[in-house]
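Presented below are the structures under discussion, each in the form of structure tokens.
Shared between the two complexes below is chain A, which has chain B as its partner in the first and chain C in the second.
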Partner chain A sequence: MVSAGPGRAKLQLLSYETLSQYFQAHEDEVVEIEILPPAIEPLGGILMQDGLNLGVPKKTLALAYVEARHRFFEGMHDSKLASSALQATKVMLLFDPEHLTAANFRKGWLGALEAEFKSYNPAVYHKALRQELCFLNSILTSPLHRQSKSPTLWYHRLWLLDLLASVELEKASEDQKATFWRAELTAVCKSGEQHPKNYYAWQYARRLMPKIVSPETNDEFARHVKDWCCRHPSDISGWSFLLSLLPRLHPVSKRQGLVRDILSYAINLRLEHESLWVFIRTILAQETLLGGRTEFDETLQNYNDDLGNAKKASAVSERVPRTLNWINTYREAIAVPKN
Partner chain B sequence: MPKVPDEMQLLVDKHVRYIQSLDTRKDELEYWLTEHLRLNGLYWGLTALHLLRHADALPRKELLDFVFSCLHESGGFGAAPGHDAHMLYTVSGVQLLATLDAFDDLEARVQGGRQKIGKFIAGLQDPQTGTFAGDEWGEQDTRFLYGALNALSLMGLLHLVDVDKAVQHVHACANFDGGYGTSPGAESHSGQVFTCLGALTIAGRLDLVDQEKLGAWLSERQLKNGGLNGRPEKKEDVCYSWWVMSSMAMLDRLHWIDGDKLTSFILQCQDPELGGLADRPGDMVDVFHTVFGIAGLSLLKYPGLDEVDPVYCMPRSVTRRCLGK
Partner chain C sequence: MKIVYIGVLKNDSKPAVELSLERELTSYSRFTRGSISEFTSVFAQTVAERTRPGQRQDVEQDQYVFHAYARTEGVCGIIISDQEYPSIVAHQLLSKIVDEFTSKYPRTAYASATTDTSKLSFPELKDYIVKYQDPQQADNIMKIQKELDETKIVLHKTIESVLERGEKIDNLVAKSDGLSAQSKMFYTQAKKQNSCCTVM
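Presenting the complex of A and B:
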């Protein structure tokens, strides 16, 4: 791959330039990128483009990466070649999203831009931040298995978001703020669909929460994530994030309403997904979060009795008694004050 | 000793040759895809060789040359020459030096080298919360906190950081479900459980753990096929033979996992032709799953393997030498 002959070197350059130009041409848009299986060969052999959809054969990507890596290490410490190095990092991160040094280089560049332009020509700086977000959306929400769960890229996004928030949210209306945060949750949900149980995508969502002050946005997130989880009942990361949102809902009746919906959903559809039942047992055992003992225990006990009376054993009929057992073992009860 | 069918044995020689071959694969895509893990890869390979009792299968001098070529002026290590320094690489660098018994070589090449590395690590502690960042860009994670305590303790430099603060932070990461995550309130994950228990063990504060509840959560990780997963409804994966079993070992509850079934699952993940272990039977092998599969077998007392230290994922003989216990 590295000891390339002249034919290979030419192909390497062509692959890099074609891919790089595509990124350049779409730097203000979110594109959807897919790695093509070896059986699909694009006409011309390099890329398959259809507007905002890009298909890249693995071979093209690997060849482009070798060229990008070369340009990056050649230019990272040379101010004359810095823009070539910067351009190369996009291809590098598409191929290897954990390339920390490439991601850091982009942070360093944005930092320098902030120092140079933030006060004197803020539009230039703002545009660069928005383009960076487009680039990250393209990689994190495309059907790319490793990329969509990359801790390095999700942290890069969190770092970027603080810069973006300081530019956009200071004078924003409540509606604009809600739109800003909604876009982040949308990206997380999409990424969570590309890579189920996406630990780092949902961790990113969690790290947004302390930045969000509006109770309406909290409520909206909880509703949205609840619906998402009910569509993906085996997604433990989604359920776990939902659990972390509950203490943000006030008054406590909102939490009860949400748990009531989920419990009826599990019972009515006779679902047996472990992740869903982990959510149920974890929340039902925390009376402090639910404002005291609720009717849910009885609902669950009745369901268990029904299942016990059923003639045929099923996965659910094992899951429910184990859930009850866990709740009874670990219940964190509200201390009842003595008179 | 676990009961294993005769046809399923650990293919020691093949695994040794597989690890030796890793640095000769520069014409393969995988080699470049993993450049950001080169130093970690060396640590995984060398540790696997030690546990397989082939400690000298890689050339010491070349190994050390490479390790030192990753060391920055700041005292941090990068993944490979030219790569930025980060906690995760620095820990691997220190673990390699410890395993190669090379702290004197370090001082000979870089005066005050140990102190320098220690200061790099200590500089990443957040004085407010006690946790650690991975590098100057500020991402925080219990993986980095554990790494800091791991490397500093191996170098005898724990006093450079506020261990009590770090312990408080880990304690705040305990979730109601029994597990631990990357930060307070984060999703429970077997890998993070390992880092949190490891940190608390190094600090001598396992008393803070609800051991019964966590042990129960960990025991739910074993699936019908014997393999372990990292979280509910994830697939089994050989690397959790390490993250889950080492945690069970620290909790003194190895018997809460069916060892025979797990041993058989790990052995099925071997490549019988070219050596190495994969995440699951039939998948492509890599050095990461190779070391954690072998380390898991060592915890399971598989015959012919050296004892692994569940806190450090290093040969017990090495940690005994470094820690003096």
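Presenting the complex of A and C:
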């Protein structure tokens, strides 16, 4: 670290301003931010930029945060400095996504904007909401290990989404609505990829579901999440979200179709991932599939017999009998999921 | 599940030489991609040099698995995937690739290859690395090659365990010509912080 003194103060200011300007220049775009490992040093020492990709050394970020925090607490109660405080919250949340005061300040600002502009100049308000979503997307879907599963920011997004939905969805066509929700799921999937088993991202997706009324969107979500889970079979958070999605599909044959695909995927590729098998055993023990379960029981039993005949010990050959055993034990105990 | 690297290497003498290769690194962040790319090649060579003709092995290193299959023709196929990718599929794909490669090029075509000679054209790799990101695509080759026996694949838990006595991965990295000064520093620092998963 740079020692205290005028040199450090200058660097602190420069770090903050460079980072802040980058945010300002890309207000309307989703950027990808990464923390550079110490071995990669940017030319000029502050940032590395390549279009929508930003690389920030940890030192720069820490220095910028100190400056941002200073500006924020200086400006948060002073209406003349409010815009500088607002700008500072972006850098603060990038460094410390759990900074509740900073997140609340942004909420307060959007709330004030709603009161002031919603009726007489809605475009200004709408644009601010969209920019906020871009900012959240940039932080939540970048390869930033801590930030991508920030409960504060995912809650902030959920709050924002209600405002945005009330502006955009009232007069929207079915297609526009579908696009709106699809964008949210895409963000969740991307964040889930950046940080595996990202419970907070999937929990956000779970909270979206009651807001979605269209059965087509439900179907699309289920298909999309199923594909995502098959590509990430050890991600228990993804699988449990899929478990919660299935009872929303009607008729039951759609649920059965998805489970059939997953089961044959697991069998054909001889997958042994525990999370995948937890999904299989839970869905087969629940009543979500109703009468379709017999077919799956048979498939599983046949697979178990095949593995037994092959007489080769492997992780799968232990996984399958245990799954069958679990289903038999808990089938009666699991209550009917209410829809 | 992803495949990061597919390559065919000449491994009948040291150092192993990459004859054809493809990488898929778009999921890596923009500024570390360059170093990751160098590491894929260096570690692929390291594993290929230590795979005997006819042998199949899987070498785990951090969140990656190096799948290797060497042939008597003096070539070795290497696939680098993440831990989730099914090993059996990777090996089916390796058989297919090495078969196709050896039927396309006679041994004389690559016997004198060195790191400086140009790569042999094998455009199929580009299609495979895209197509087989989804292992379900392998259904057909799985059916054809039923005879592949999973238990024949030797599993190593770290790259160190394929090295010979006295060899150290740190020294191999330090001596490697295929790594830039930046990548070497990247490796040392990641190791120091015990966050090797950010490298290979």
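One rule holds for everything that comes next: the second predicted complex is superposed on the first by the 322 of 339 C-alpha atoms of A that agree within 3 Å, B and C clash if a C-alpha of one lies under 4 Å from a C-alpha of the other, contacts with A are read in each partner's own complex, and residues count from 1 in each chain.
Going forward, a contact is a pair of C-beta atoms (placed from the backbone, for glycine too) under 8 Å apart; a residue touches a chain by one contact, two chains touch by 3 or more.
If you're wondering where the values come from, they're calculated on a predicted model, not measured in any experiment.
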| item | value |
| --- | --- |
| Three-chain arrangement built on chain A, chain B and chain C clash or fit | fit |
| Partner chain(s) touched by A:S234 [first = chain B, second = chain C, both, neither] | both |
| Chain A as apex of chain B and chain C, Cα-centre angle in degrees (nearest 10) | 100 |
| Partner chain(s) touched by A:N121 [first = chain B, second = chain C, both, neither] | neither |
| Residue contacts on chain A - larger count, chain B or chain C | B |
| Partner chain in contact with A:Q203 - chain B first, chain C second, else both or neither | first |
| Chain B versus chain C as contact partner of A:H273, first or second or both or neither | both |
| Partner chain in contact with A:H99 - chain B first, chain C second, else both or neither | first |
| Which superposed partner A:P37 touches (first chain B, second chain C, both, neither) | second |
| Lowest inter-chain C-alpha distance for chain C and chain B in the superposed arrangement, angstrom | 7 |
| Doubly contacted residues of chain A, that is, touched by chain B and again by chain C | 234, 273 |
| Residues on chain B engaged by chain A in the complex (per definition of touch) | 26-29, 31-33, 35-37, 78-79, 82-84, 86, 135, 137-139, 141, 176-178, 181-182, 185-189, 213, 231-234 |
| Residue ranges of chain A touching chain C (in the complex, touch as defined) | 32, 34, 36-40, 48, 50, 53, 55, 143, 193, 230-234, 265, 268-271, 273, 312, 314 |
| Complex contact set, residues of chain C against chain A | 1, 27, 29-32, 35, 83-84, 86, 88-89, 134-136, 138-139, 142, 150-151, 182-183, 185-186, 188-190, 198 |
| Contact footprint of chain B on chain A as seen in their complex | 1-3, 58, 62, 65-66, 69, 73, 76, 95-96, 98-101, 104, 107, 151, 155, 158-159, 197, 199, 202-203, 206, 234-237, 240-241, 244, 273-275, 278, 282, 285-286, 330, 332 |
